[in-house]
Amino acid sequence: MPEAYDYELEFKVRDYECDLQGVVNNSVYQNYLEHTRHEFLEDIGLNFAELFEKGIMAVVARIDLAYKTPLRSSDKFVVRTRVEVQGVKYIFYQDIYRLVDDKICLKGVVTTTSIINGRLGVSEEIKTAFEAVIAKRQN
Amino acid sequence: MPEAYDYELEFKVRDYECDLQGVVNNSVYQNYLEHTRHEFLEDIGLNFAELFEKGIMAVVARIDLAYKTPLRSSDKFVVRTRVEVQGVKYIFYQDIYRLVDDKICLKGVVTTTSIINGRLGVSEEIKTAFEAVIAKRQN
Amino acid sequence: MPEAYDYELEFKVRDYECDLQGVVNNSVYQNYLEHTRHEFLEDIGLNFAELFEKGIMAVVARIDLAYKTPLRSSDKFVVRTRVEVQGVKYIFYQDIYRLVDDKICLKGVVTTTSIINGRLGVSEEIKTAFEAVIAKRQN
Amino acid sequence: MPEAYDYELEFKVRDYECDLQGVVNNSVYQNYLEHTRHEFLEDIGLNFAELFEKGIMAVVARIDLAYKTPLRSSDKFVVRTRVEVQGVKYIFYQDIYRLVDDKICLKGVVTTTSIINGRLGVSEEIKTAFEAVIAKRQN
């Protein structure tokens, strides 16, 4: 994993994810990015479903995706992720690379925030975990 | 709607529901059947999400689907549904017909039951509503 | 439909589109936007699947979504769409409004282009159809 | 893998696969079964997308699923698969077990067949590959 990233997760395209053009449907890339963020959370001791049960909703405020190369049936790929903290926002830079040739397939920026018991707020639990990730990366 | 059914709902295939073979993916028919059941519930005064919030989980125990003719991009179709009550089970007979020629596309039997506060049980609310539907059909 | 838009399509949330937070999953909004674009195409005499069979692939190059208010089980909503032509790009401004209170749920900008027989190119068929839409709007 | 099966594939539930009841949506199990069948094909030298390009459509004729225990967020599980040949039909017995306690989650029987250049037929390629699997299991 290149230095610029904090976490990566490997996937393989499943045929039901492809549409009638024979490529992965555009919306499915959001599934890949979301699953990678949730696995990243788990990797640093947080769990999306448990946070929700405690009244902490991690929500997406913005998503900006640049589609570079379409993924196809059976392609293996990796989603590489870096997180930055900006006030009440956690910004994830998430890029997808095809494994066979390391070709960039998608560049994504996902801006998330937290709703705590119905109101926008900072979850100390999430903030502390991400700050540790960032500190580790910068050393 | 033929007499044998209690409820029908019209749909149009959305392109993202088609897979690389250019036909609606097999799993998507379950989405059509589920949405039709939930709209049917709403039509008789029940709401799936509200039932869940009250601790009543309507769950599928069995599903048996016979695929007859594949649906394709832009096809319009109707899901016709009949319900039967059998002890703690609600059995839905759900058939899909393509609108252009009334050709049968799928024949489904979906056996559902209720989990009330974590235990298999009869929801009086659901039972009463379905019995009214059946009584109406038989008159 | 407000003047700023060329096309709108009404939807109702289906329960299988909601995730464990009880709201429509973020990726599903892309399905709504895509289906609206394809219905818009059909409305002006173009068909996404037929274009594909003729070797014209309409593809998404960028997508930028701002999530404003989450849609929930049973919500009815409308996707309003405006198209602009910019060289080889067709840019769709697609906004989702909840019907009960006309509250904005999502603001989207979807930049698309065409791949003709494997190469980036202008499809005269698509271009002419969109220019007619824009001319009509501006009168 | 128990002797009764020919192939197994491990998965982890992704949060977007869960619905508002907090469990994996019923339709998603079909995705798991399909992906396992396609990986099984690949494992014995066949590829679903390539077969399609050669004019061989592997299609599902029937699917019968018994839901035993719901899968939830983060659950790891395995799809175990056995194939039988019956005339023009390939029948897949596909069972899902949760990894933490080997609890059965779903029992499935998926009856498939082949459409060759638009007509029901036997693909020698598929038949030979499956017969080799069955011969190996019976020794």
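Quick notes on this structure:
So that you can tell them apart, the chains are marked A, B, C and D in the order they are listed, and the count of residues begins at 1 in each.
Convention: a residue touches a chain if its C-beta (ideal position, glycine included) is under 8 Å from a C-beta of that chain, and two chains touch if they have at least 3 such contacts.
Since the model is a prediction, treat every value here as computed from it, not as a measurement.
Of all chains in the assembly, those touching chain A and also chain B are C, D. Summarising the inter-chain layout, the chain whose CA centre lies farthest from the centre of chain A is B. Centre-to-centre separation between chain A and chain C, using Cα means, comes to 24 Å. Mean C-alpha position of chain B lies 29 Å from that of chain C. Within chain D, residues 15-16, 18, 20, 22, 25, 27, 31, 34, 49, 73 each touch two or more of the remaining chains. Interface residues of chain A, counted against chain D in their complex, comprise 14-16, 18, 22, 31, 34-35, 38, 42, 47-49, 72-74.
The residues of chain D lying in touch with chain B in their complex are 20-21, 25-28, 30-31, 34, 49, 52, 57, 59-67, 70.
The touching residues of chain B, when paired with chain A in their complex, are 15-16, 18-20, 22, 25, 27, 73.
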